[in-house]
Amino acid sequence: MSLQSSLNHKLGSKYHNIRSFTEKITAPLETEDYVVQAGPDVRPPKWHLLHTTRFFEKNILMEYVPRYSPYNEHFSSLFTHERGHSGQLGASFSRPTVKEVISYRHHVDEHMMKLIEKLNPDDHRDINRLIEMGLQNEQKHQEQLLADIKYLFSTNPLAPSYMKEPEDFSESIPFQEPSMIEMEGGLVEFGFAGEGDAHEYEGVRQKVWLNPYSLSSHPVLNAEYMQFIEDGGYERPELWLADGWELVQREGWNAPLYWRGNGGDWQLYTMSGERKLEKYEPVCHISYFEADAYARWKGMRLPTEAEWENAFELVQREGNFAEKGLYHPSWKDVSMQGPFNKAFGDVWEWTSSLYATRPKATHAAGLSMQEQPYSRSNQFVLKGGSCATPSSFIRPSSRLVSEPAKRVQFSGFRLAKDL
Amino acid sequence: MSLQSSLNHKLGSKYHNIRSFTEKITAPLETEDYVVQAGPDVRPPKWHLLHTTRFFEKNILMEYVPRYSPYNEHFSSLFTHERGHSGQLGASFSRPTVKEVISYRHHVDEHMMKLIEKLNPDDHRDINRLIEMGLQNEQKHQEQLLADIKYLFSTNPLAPSYMKEPEDFSESIPFQEPSMIEMEGGLVEFGFAGEGDAHEYEGVRQKVWLNPYSLSSHPVLNAEYMQFIEDGGYERPELWLADGWELVQREGWNAPLYWRGNGGDWQLYTMSGERKLEKYEPVCHISYFEADAYARWKGMRLPTEAEWENAFELVQREGNFAEKGLYHPSWKDVSMQGPFNKAFGDVWEWTSSLYATRPKATHAAGLSMQEQPYSRSNQFVLKGGSCATPSSFIRPSSRLVSEPAKRVQFSGFRLAKDL
Amino acid sequence: MSLQSSLNHKLGSKYHNIRSFTEKITAPLETEDYVVQAGPDVRPPKWHLLHTTRFFEKNILMEYVPRYSPYNEHFSSLFTHERGHSGQLGASFSRPTVKEVISYRHHVDEHMMKLIEKLNPDDHRDINRLIEMGLQNEQKHQEQLLADIKYLFSTNPLAPSYMKEPEDFSESIPFQEPSMIEMEGGLVEFGFAGEGDAHEYEGVRQKVWLNPYSLSSHPVLNAEYMQFIEDGGYERPELWLADGWELVQREGWNAPLYWRGNGGDWQLYTMSGERKLEKYEPVCHISYFEADAYARWKGMRLPTEAEWENAFELVQREGNFAEKGLYHPSWKDVSMQGPFNKAFGDVWEWTSSLYATRPKATHAAGLSMQEQPYSRSNQFVLKGGSCATPSSFIRPSSRLVSEPAKRVQFSGFRLAKDL
Amino acid sequence: MSLQSSLNHKLGSKYHNIRSFTEKITAPLETEDYVVQAGPDVRPPKWHLLHTTRFFEKNILMEYVPRYSPYNEHFSSLFTHERGHSGQLGASFSRPTVKEVISYRHHVDEHMMKLIEKLNPDDHRDINRLIEMGLQNEQKHQEQLLADIKYLFSTNPLAPSYMKEPEDFSESIPFQEPSMIEMEGGLVEFGFAGEGDAHEYEGVRQKVWLNPYSLSSHPVLNAEYMQFIEDGGYERPELWLADGWELVQREGWNAPLYWRGNGGDWQLYTMSGERKLEKYEPVCHISYFEADAYARWKGMRLPTEAEWENAFELVQREGNFAEKGLYHPSWKDVSMQGPFNKAFGDVWEWTSSLYATRPKATHAAGLSMQEQPYSRSNQFVLKGGSCATPSSFIRPSSRLVSEPAKRVQFSGFRLAKDL
């Protein structure tokens, strides 16, 4: 086997593994589940299947495979990620059927595998970059798929669950009280520094001055967040940003998404249905507004992206990621990571860094404008990946970006403080 | 066979025929089609299947069959016809699955057939009234199902069609110019006068004075309505009620629902997909506002319910109803009905009579409040049934009630004038 | 003095009296009060002053006075009664100043008086009709002015009052229990039957059949309405039209407009400020939805316009009108009017008759389209005039038309029942 | 004269001068102008008069003057700066009248002057801090008053103007092509560093690393901005933040606020009415979205607050401020300020720094929570002051904060670039 064919084989395996993980995620769904859009912040699962596939067809097959004609010419204008429409209902069309969408996926995969098989060093580079980008896109949508399915099931009056409660998968270790880990700061660098292309939302390497600061040793836990609630956290306007407070009142928020019941006896809706709230799990499905209000209540603040990245750059990227199949943050999955009990995985962690005004790394050439990410004036950066993020997607410079009111994704936070 | 068992057999057949017509209507759908709510004025097909079945389970099986326990206790609170919610999205849950809903229908049908088989004269009367009411409800929803499916398919970018273009089913007769048929009026009666129970929306018999008036010999045709459009009908505020004009501007209306293209070359979306607009079909999918504006443009007016009913009380109720399977108004299906070329069938005809303030006939006892129809301050009465109405549902006193902005149902109109 | 000059003199006096009553109404206002629009259902007082004056300038002075040039050419496009805008904020411009608007009124009045003085029989007829129409318009706006000022003052945190509590102006008579007066009905006529022109909203004379019915001897009183509230009237959806119930929930209505406090101890905001609710005054500032719900609660209904007019056609038009200066319904002002204790005045009475579908009387020629009244699909007819209506504006066929949710005007109701 | 009485005299003069400048600003208004709220982003002038006065009464007179009783106890709850209400109509009450509000101002001023006269060294410090804060608040509202009056007049159909076109007040100097001034950056400090208290929105002193960058020598001019418009700037989504683009489409923006006409022949609405657009004036009334889109179009970016402040810290604070009485940005008022042609004054300059996440300087003690500034998640920092800002209000660390969609204030921008 030549070097080239070995490289091709490796890329083919990667392609296959990532693409089939999407289908593993949707396997427990009924046909009806694929079609329904349960709210303005989520999308029907079918949309994700189609949208990710279209990336490969449009940007690779149609550009690089001679005489390739699209599976269905209407698909290309269907289910796009239209600028400005992310919050609107209407993406839930009944046709194409799920069966046809699956068929489309297989058709594209077949052509992609043939293409990969025959790649030669000359054309390898550009196509390879596009394939990598398509696979990152697939992984980003896998995480959204899991979040969207959770929301869909949670809003169904028949209370379906996505999977059985998972068996314990690791030794439990004794609970550690959170502590504030001191960081000396100084003139540091952060942002993407590797070879190859940056990810879609990643930042360029940049220099920044950090005053000495401390970071909590693990993300805020349910037990800690309950104290905030019990202390009237959702009833005290002085703790909130003004637009956060308006939201709390308009929506009647009094706890994180998926918390049910009341203070005495909280239940939690999980991928395995509703069950008792575990005190020592990281709090999850938290908006920026809630994280910010909690930090103000504690007399602390959220870290900046630079502070977060500076602390965790050298820490091993192990943790509770999607491959574990828990799809839920867990205290059990802990290994000491430097001085921190938890760093990567479990929950994406909000930072106080505004996405729109940060320098961005450049993207692979050859993509049409429409594929480029777009940003809003008030999206914040989250770091570290979650229990629904494929682990290969994550490195210190990886970012999720989200608006401050959103909490459908697996998001939590960690506290910071000036020294 | 005793008289009773013969009656029971007859009722059983009627029950079976009407219930299975619902399934005939949904037969061409894909699973995905059952679940999607395509807009605020329509409901997902699955909702209709469940909602109509629940009538029989809740009001009959649970009341009259000892030890009957509900198929699924959650269904009774699911998919209700909640007061005030008719225009809101959200009825489209992914679970129960379509398969389970069908299974529920069969379960209820089985128990209903057993009950009907054993009816005896003593209990016959009340249960019979409730079964009749349930079957009328089923038929009302069959018509809505057809309208909702049409709308669902029309909004799908892949442009599916529900059925093939039907073959001509009758001899074509020469087109007749519409004429105004004179009616002498006077002190007349209208409203339900038969034996047995009135239908859900029917009015009581009442006396009314009618000044001499005339009615057009058939509903307004596409060709006539095109003249209204060409004369700037949708651009002249003085022709419209103020709230109608606001609607026209807000929604950008410039033609009836399902008309596509423009004045030179109109296309029409039908149950068989898009095709050329036929000039001599009755205009269909018209709102009250449009009917009212057209009449003002013509220097005429819409008839009152009493005028309509007085004119057609003695006319034969033959016409283009749902059983014909056209699901589309047609000029071809014409027989002279008294002096009128068309009376019943094809399109429901708007009248200027407000529903809320009309005396209503009373309903079968034993129904809980929630099953009672509720009304809004501005619903108008439509008469005569349409190509989507089962023919047995229709008699002169039958009514459809609808808000003036709605045009998803198969609605048209006829002109009236004082003499 | 010739007959002509005597007629002219009479018309001049009438013009002067009606126009100056407008200024009498606004006399207690501060400059700031003229400008503010306190809500979507009301207009700033300045708007009324300008709008009514513009009628005379545009339709009479500019048409019939040679070389008359408008006071300010911008005024004609300012403050129009734009179709569809009745509910929107925005009419409250700071310029022209109040002083300039008053100056405009005087300018127009001066020219009008000169014109009236010189009228001769030839031109008298058309101009006379237009003047009459302008004065009716003025009177309609006088009533709105009073309602708008009341609303403006009621929403001011400093709780200003428009006038002192009026002295008792008539002998009090003993309270009469309401009774239901029987009417035989039959084939009757109603609508405008006089000589000359109909008013703006009046109906043509028409024949109608009335079944025997009864009408309550006086409008529903506060004491009676309190029983409805105490019986949970605002909490029982089954009593309400569906859109009325939505409104009650959305707005949190639990009593008529201007009722303050709670069941044990209601206070009422009046033109003289807040004071104790008088039990035996007719209930006022009631929406159609509330009147309709009350009637359903009583097992009765609202009368039709024909029923109302048939009952009161021969009754004397005396009562508590605007000239009395009370601007508040009162039990004290009662004289027996046929079998009725109260008929005209005090409160406009809601009927169940829809305005849009009623035949209308024709208007004076020569008016541009924009001056024509326009209607919505769900406006109902009110009858009888109120304590804010100039008495000369009222006759049996007079109508106020209003949407079912509105209650800023002085509106109440009376019950009806089939015999 | 003792030192203390000399200090008191100086403070008294300052108080008098600043307070009376507010009345100088409102002097050209008619009574009606004080009351109207012309849109959601502005407030009625009367509100500013009352709101600023209440600061002194509530926080100083009622706290430090024995037996002082409030002028009107209702005023304290009236016209507050209620959290979350900044964008809503409703602040425009007709009462108290303007006359009464002026009277209230004089009453408070009289008591304040007496208090200041008698200050002694012991109590001087706290009260002095509060007076300073109140005067800064007054100056902030003076700027808003000017912006609100401009907007009010601009929306009036009679097109009033606030003042005559001002005479040229300085020598015109030749137009300078803008150039990019290079800054070496490095580890620098910025934020408030003086003695005494920071202003309301000022930031604490902090260290930051700046890569080498350049800043344009003067703010973007009308002539430059016209090129952006002519190049389709308002029609190209790729230039805009997603929420900015939604705004542009929803509002139909195609130029800065107050630009009228079209590309060939722009007119500008100014405090002196509408006139020809001057090419070499700084562009004004620009939203963050527009500034950001322009910068992207230029291949540049907006500066951060630190970059802005680092460049201008040592530059003289001279320029076109409110005292000049122009209330309009001007090219004529130019003196070289270091290498820059313009720095302070003319227009507030947008930066890309998010206000909510910046450390804030602490405020004078003794203020109730309600007086504290509150922030939203997406307010950006503007720097440098404008032609409507009193000059004593401005120093390098001064900030204006505003949401990205707002452009009623006198806001412009300057470009930055990495070196």
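Order as written gives the chain letters A, B, C and D; numbering starts at 1 within each chain.
As a working rule, contacts are C-beta pairs under 8 Å (C-beta built on N, C-alpha and C of every residue); 3 or more make two chains touch, one makes a residue touch a chain.
Going by UniProt, the chains are A, B, C, D = Ergothioneine biosynthesis protein EgtB.
Since the model is a prediction, treat every value here as computed from it, not as a measurement.
Student: What are the mutual neighbours of subunit B and subunit C in this structure?
Tutor: Under the touch definition, subunit B and subunit C have no mutual neighbours whatsoever.
Student: If you average the CA atoms of subunit A and of subunit C, how far apart do the two points sit, in angstrom?
Tutor: From the centre of subunit A to the centre of subunit C is 61 Å.
Student: What whole-Å value do you get for the distance between subunit A and subunit D if each is reduced to the mean of its CA atoms?
Tutor: 40
Student: Compute the distance, rounded to whole Å, between the mean C-alpha positions of subunit C and subunit D.
Tutor: Taking the average C-alpha coordinate of subunit C and of subunit D, the gap between them is 48 Å.
Student: Which subunit B residues reach two or more other chains?
Tutor: Within subunit B, no residue touches at least two other chains.
Student: Once you've mapped the touching chain pairs, tell me: line, ring, star, complete or other?
Tutor: If you draw each chain as a dot and join those that touch, you get a single closed ring.
Student: All pairs of touching chains, please: list them by chain label.
Tutor: Every pair of chains in contact is listed here: A-B, A-D, B-C, C-D.
Student: Could you please specify the touching residues of subunit D with respect to subunit A in the complex?
Tutor: For subunit D paired with subunit A, touching residues are 83-84, 187, 206-209, 211, 237-238, 241-246, 288-289, 292, 304, 352-354, 356-357, 369, 374-378, 404.
Student: Hey, which residues of subunit B end up touching subunit A in the complex?
Tutor: Its residues touching subunit A are 30-36, 74, 77-78, 89, 92-98, 152, 155-158, 160.
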